[in-house]
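Structures given as structure tokens follow.
Shared between the two complexes below is chain A, which has chain B as its partner in the first and chain C in the second.
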Partner chain A sequence: MSNIKDENLILPRLEEEPNSDLRVGVFICRCGGNISDVIDIRKVKTSLNATVVEEFENLCSLNGRKIIRDSIVSENLDRVVIAACSPISHEKTFQDYIQPLNPYLMDMANLREHCSWIHDDNPEKATEKAIVLINASIEKVKQSNAVDPILCRTPDNVAIVGGGISGMSAALSLAKQGMHVDLIEKSATIGGNMAKIGKVFSPVKIAEECGLCLLNPILNEVVWNKNINILTNSKVLKCDRRGGNFSLLVESSPRYVDSEKCISCGKCAEACEVEVADSWNDGLSTRKAIYKPFSQAYPDSYVIDMENCDKCSECVKACPMNAIKLRGEKEMVPLNTGSVILATGHKLFDPKLRPEYGYGRFENVITQSELGRIMGVNGPTRGKLQKLSNGEVPKRIVMIQCVGSRDEKPDGHKYCSKVCCMVALKNANIIKNKYPDTDVVICYTDVRTPGMYEKYYKHSQQSGIRLIRGRPGEVAKNGENLIVRTEDTLQKDFIEIETDMVVLSTALEPSEGTKEIAEIMDVGVTEDFFIKESHPKIKPVTTDVKGAYVCGTAQDPKDITESIMQSTAAAAKVSEMIHNGIEIEPFIAEIDQEQCNLCGNCISTCKYKALSVKDDLMYIDPMSCSGCGKCLTVCDKNAININGNIDEKIFGTIYGMLKDKKKDDRRIIVFLDSIGYTAADNIGVNRLNFPESIYIIKVHSVNRVMPKHIIYALQNGADGVFIGEYPGDLMYDEVEKKMETIKEKISTNNMNPERLGFSHVYIPYFRGLADKFIAFDEKISSLED
Partner chain B sequence: MDLKLNEDPLNLANTILKDIKSSENLGLLRCVQCGMCTSSCPGAMHSNFNPRDMIEKILEGDETVIEEEDIWNCFYCYTCHSICPVGNSACEVNQILRQFAISKGTANKKIQPFLEFGDIFLSMALGGIPSIFFPEMREDIGEDWWEFKMNLDNVRNKLDLGSYIPPQESIDEVNKLLINSGFEERIEAIRNNKKP
Partner chain C sequence: MKQIPDKNITLFKSCLVSTEYPGIESSTKYVFDKTGIDYLVDERQTCCTGLGHYSDVFDQFSTTIIGARNFYLASDNNRKNMVMLCATCYAINKKVANILNKKDETREEVNEIFDKSDLSNMKYEKGSIDSTENIFHVVDILFNKKKEIAKNIKYDFSNFKIATHHGCHYCKVHYNDTIGGIRDPNIIDELVNACGASTIGWYDFKRTTCGAGFRQRFVNKDLSMDVTYDKLKALKNDDVEILVHLCPNCHVQFDRYQNYISNDKNDEFKTIHLNIAQFIALAMGADPYKVVGIQTHTVPVEDIVNKLETLPEYKEINEENKIGEENV
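Entry: the complex of A and B
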């Protein structure tokens, strides 16, 4: 039966009692009266057609296990039905109790939550319904095959893309747990943005700390750890995925200086005559074409920026260690890893996109990042605060917040960049400490310093920093000085602030590397192009690509503390997978390679990104596949099947529910996913009612219910079919859309499409679900055809 | 402003959002009172008009803002519109408020000087600048403009452009439309200082 396309609709003829020679044992639980006080167990037992029918007070007890096991062995049973409570409570228990039988050869008929607790006012109807529910389970188990859970293991090495504070923190955590890490960094040194921040703010300390002093020990540990292989000047070009296996192709550009030989004496840079803007100082100073990014950089070695080198060879002559070679080729490094962590970080909003603030036109309009470099003792002015125009200490500094953040204009970002309030307060505090005569004014929209940071905000107010609530509209030139035009919105006063320095707090946005890796790896991104986590609340580090995790500012704007927390969380997730593997329910898709013509329809249709082509073969990643069955519907060659006879089990259950239906009976078949099924259990737990006509089937994914199942049910006596799905399911929109086509198919089969109902379900919304059952039952009873 | 339990302060804002002149997705309710509009408003620089304050009053449901003198100091430069970080437009909101004032009949004095616009539409089916503005414009733009205006017919003849006045049948048609649609009645009500 059944491997047919929906269009053909050749329905099975289950009346012939398939597999009728199978020996089925039915075990009925009295559940301490919870079931037997309502349902007439004796009547049930005499109405069933099975090899063995037993009853027991508490089947889930160890004595229950003995009865089930003894009976399986002595009666040589092939299949087992447990008629007891909901599978949500005890399926795992009974899967264990039926050993030595395969756990998937058992089904539970839910006599408690879906019957005795619902229909306790009508024992006669409850007893009839119990018989139908057990028959459905008997027919279902007859269609079951023995299948084994799939255990997936992933190799214990990890690629981390991005060598900033996030990537380094994740690398260290994994390396210390014994895993091998390849740390891939695009620039010539690891360290990232944190290396150039200067001082950093902390959640508790009311003081600014030296960023490099905090970073350096971490950087050293990364360097010394034997489990970490650092690849600088390197970027990921390609990434293919197979289950717990990624193959990456990394391009490593030559450094032209042998890091093993170089002693960082700097004679090469003295000899070099090419001067270019030093990006480590935000272009506020220059460096040579042969350079070391900063003194604590790793590798502790000079490097040549070949784009600017004029190949004069002066450095080669000057080097006492003979470490420099002007020729070098890019190297392709293939990596095979079990997981990937994306720590590709952020960049800053281009302030030139807000020309009203004059950045690029007025020398003394700078960014917070540039101010950080100017205030840094290892920066272009060796820590001396000065105006770029004339080197004097500014008399006043006006900081403008939210430049590019909380901004719905073109190129702006709707989100709050989260760190800029603290960055502005930090820099203002440092200035107030060292230059008390400089007036610092922060023009803000709202000050956002949640949690302990609020204390730092109060501390800053006390140190004489002035805060004006208003978002400036313009920075203009006024002779030598600048004018910031703003409204003091608390005073309702339009003011012009004369100043000699303006500092813009620019937004954090995803770095180019973040956008690139998202595209290379086909990882989902947010509307702002940050890498999207699977669930913003409960899955904050996993991505929609199994085995790929995200941390730091690649995911959204955050400070160093939060970046480190997320990095270690990502490392823990990788470790979880490596150490225990993942046991996967076996009901997933399977490819018949003989039939598959590699058309790729399934790849683009899969919402779980489970399919890929490798070495001319279609591959389904068991870790990603949800068994939703969407791929089956687009496969023209019928080359995909779902393990575990799901189709046949659905047909069997429907058949069992309808086979003894009498003329005036009304039977409505309800398909629910596990969320909906739990909600239906809650109806019983809370002793609410729904009509006797409601018969519920639990399915792995609602998408597995095909038009052929629905039409089969309606043709064989079901008065209605109702489908409930949790809107958080990735397939929800798809299923909702599908309902219309199914209704058309019902019409073309000369039945009333109104007999199909669809609703969203939520666990706490059980009263609503009960009401929906009642309303649907009323609607069905009013239909005349 | 006090707020009673049964009052909805957003009535006024919602009426504005539903107005035919209000752009789709106007950010009025998203305003966080940052003051960027006022910071860049020439009207605010030279008068007591404060677009942020105008929006604040609207969001508080304070209908007295409709009768405020200051709202007539906006001259539609649209800087606030192009600069607002949440997609609000104080300028557009201002135009809607003015329309409310006109409909209530409290703004007749403010728009009477412009009635000649309507008169020219009715008599010539054309848009034209009211003559009361000529002396100031002559002073601001200069004598060349005035001479050009006086000799417009000659200039057009030389360039073979014909008359700029539409044919009489078109004028009659437009006139009929303006009368039947109630435009003329509205103009006259304002001229006579009645509620239009």
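Entry: the complex of A and C
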């Protein structure tokens, strides 16, 4: 059988008996009567043309293994067909039983789920169908080649981008398992947002705790761990990926202060005369151009913010350790790692995008983050609650929830930021504890405090915090005071709340670093630009780039607890890859480098991001390739092949299914992916029926079924071809689109395009699939041409 | 930002402009002529149905047919860039375009009616008028001509306290097409800036509706007037002398009802109301009566017009023909 690339060329003909000298053994399982009570095994045996045809009561038992092995050795078999149950149940078993033969030289004919259980009311038809199914498998195995699974191993070092609580937690988990971690942090210190959060709270203890006291031990552990290399003032500029290997180019900016020499005495900052807004205090206080971000910062040393430094050299003179040098070059650090974890975190919604709340116009309108800094003992007011306008303790504070969250208008975010209800309640509680005379009102859309947090919510209500359900329309000024206008949606009343401080609970959104790294690494993002997981339910922390994982608020809004859990999950995923490697089915694409002209069509067409060019060679990452075959269709040079003779095996199976077709027979060939195949098995398991005309072929991806296969089937006696695919498959849209062009091709070959059917399939939807088979069979029987 | 045309324009007449403040249309034409905009008004055009539609007199289907007919006129004139004087026409016609392009069934029903009425030539072809690419408000067109506007300014508005009122149906309905901000609408503010004057920017109730609410003005009059009153008070707090509009319906609500509210609430208001086209025309030196039509305003505009001073560079030319004087 020839390997056809051009659909219009001559297709293989049935008369050719391919590879007829191969010695094939067929082993039929009676399955304790499940098969043999319906199918006449004796008749089947006499109808088959194979070197050996054996039957056995329970082929999957250990005795079955002995029979198969003995026969392979004594009869010198080249190929094996197991006619038994579904390959979904026992393919792995029989791949093992046929040793010493290569596991891929065996095929299973599904006599149970797709035959005896479907046609138990018609033994004669079932017997005929069994013969056809076995013949199809015989012809398929004749086309099979010995191939070996590919084992991929990745180096045991990891780059983690982002040194906040998520990045640090993942780093620690991996380092403690003995892996080397490069922790890359853009700012001058690790610690991230948690360092400035002030207090965190425990829903179990119903109490607030010092955030930095919880963070500091983790930070210290990271610093002390010999397996972790911390790069601050550093960002990833480039990232190339080659099968479990990432090469990153990291740019490290100079600190201008030698961290080894600096003793953090602070004399430099005293000497510095440049004052700039201190971002660690959300700009509520100032710092010098030479500064230490916060007292527990790591590296434990001062750093110069060169954008604001006027190079007066006063700090150099003041430094007793001679640690400061005003000159420094950016350093390029190349890193080669096996995996990457993205922990690039979030930023907060810009409250100026909601001008109606007056942030920036009214001094006493602040954000929760700023309130956190004001309430922090290491903050600008040393923990004293006060209005920014006059330093007085506010008599009333109105908190406005969902600023930028749950907001469908432009500039807003449709999602819930998840943490703001808890943050508002926490800050409200802290205020109530320290300033019982201050009235705290929270205007909310819905209070979302799931699980144990609900107890904290109740506790807050009991401590006198007032809650009004309604989303304020605007904040206006009335003399010295502010007015919050809102609807109380429970009372159905419009109210104006006079207050002297307003606190906005701003949304969490992806940080600039998150957006940048997604672009640099070509990692998929959600519509909100968070890093997207491969599957939101069953593939958490994995991204669409193999070997790259995500955790923390780079993935979506979440609190510290969840961030740490996700970080350790990402670390576990990295550890899985490193410790055991990944065994990959060998049916993936391979490049003929002689033919490839590096046109790049395949790169842009691959949904699995498996292809790349490196050193003027096209490279397919075996860990990413799914073997879907899409790249073959766009390669003008025919330089790509799928390992394992998939094309020929499909031709062989079709040939076997059609070769003894009688004139009045109706045979419909059905291609299903493994989801569809499982659904079809379920039809049998539930003893439903579908027409005898339905013959099912299991394919790795229905995208591997080419127009040439379909036309070949129709030209050689198939009355119809039906394709079923799970819509969750990455290739589903492609396949659906392809159907129309295939129909055109069928027409140009003078056949009725209505003979091709396509449907989505779901595992629980097996009744629907059976109905579709029945309907398609009826439709085909009614076609006249 | 989207492409804004300056030619092949159909200037879409507005019922409220024609009947209440015709000076808005003549001012628009005056400014368009000065800034080199190529436009046509088609006398065959009908009302968009807006006021009737929002008062439950015309249903959406009638509105859609009428829209399709008006779209035909624009296509027939080869002037598919439809520019609205009124925020209601703007939102109504955008919606109609979306319905005709996206709802195949409705479009077919509309075309059947044209067939039955022996008007098959008016049948709407999917995609022929695009909501975003073809339907604009006058402010969009002017926004694109800020430089040309600035070059033509002769009178100085910089000594007045000016605020802006952006119509809901420009800012809050098809907001992906809105220029100059949605949460904090500023397109009129920027046009005022182009005339060499500045606005007070944000003020309390800046984004609030005028209160008209179409039928609300008649069936829920107290509520309607309370909303307008809130805004008038806010303007008074900031000593605003001129409120600049982009929608004739808001203009009616403020100009026609200001004295009514004043009497009702025993609260005096002095803010005058101008459409942005009238404002620019005045600044360019248009005749306050023949072009700007201030005689149709209830709150007298004369005080402001009389206070206008010629910019120094135009002083000589205009010495003999000081604005307003000959006509007062």
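The rule we apply is simple: the second predicted complex is superposed on the first by the 776 of 785 C-alpha atoms of A that agree within 3 Å, B and C clash if a C-alpha of one lies under 4 Å from a C-alpha of the other, contacts with A are read in each partner's own complex, and residues count from 1 in each chain.
The rule we apply is simple: a residue touches a chain if its C-beta (ideal position, glycine included) is under 8 Å from a C-beta of that chain, and two chains touch if they have at least 3 such contacts.
Because the structure is a prediction, the values reported are computed rather than measured.
Novice: Check chain A with both chain B and chain C modelled on it and let me know: fit or clash.
Specialist: In the superposition, chain B runs into chain C.
Novice: Of the partners chain B and chain C, which touch A:614 in the superposed model: first, second, both, neither?
Specialist: neither
Novice: Applying the touch criterion given at the start, work out whether A:311 contacts chain B, chain C, both or neither, answering first, second, both or neither.
Specialist: A:311 sits against neither chain B nor chain C.
Novice: In this superposition, which partner touches a larger number of chain A residues, chain B or chain C?
Specialist: B
Novice: First (chain B), second (chain C), both or neither: which does A:409 touch?
Specialist: So A:409 meets both chain B and chain C here.
Novice: Once chain A of both complexes is superposed, is A:356 in touch with chain B (first), chain C (second), both, or neither?
Specialist: Touch partners of A:356: chain B and chain C.
Novice: Is A:476 touching the first partner chain B, the second partner chain C, both, or neither of them?
Specialist: It touches chain C, and chain B stays clear.
Novice: With both complexes overlaid on chain A, does A:446 touch chain B (first), chain C (second), both or neither?
Specialist: In the superposed model, A:446 contacts chain B only, not chain C.
Novice: After superposing the two complexes, find the one stretch in chain C that runs into chain B, choosing from 117-125, 207-215 or 261-269.
Specialist: Of the stretches 117-125, 207-215 or 261-269 of chain C, only 207-215 runs into chain B after superposition.
Novice: For chain A, which residues belong to both interfaces, chain B and chain C?
Specialist: Residues common to the chain A contacts of chain C and of chain B are 356, 409, 474, listed in rising order.
Novice: Please output the residues of chain A touching chain C within their complex, sorted ascending.
Specialist: 353-356, 361, 409-411, 474, 476-477
Novice: What does chain A use to touch chain B in their complex?
Specialist: Against chain B, chain A makes touches at 356, 402, 406-409, 412, 445-446, 469-474, 485-489, 492, 494.
Novice: Name, in rising order, each residue of chain C that touches chain A in their complex.
Specialist: Residues of chain C touching chain A: 175-176, 182-184, 202, 204-205, 207.
Novice: Please give the residue numbers of chain B that touch chain A in the complex, ascending.
Specialist: These residues of chain B touch chain A: 27, 32-41, 44-45, 50, 52-53, 79, 82-87.
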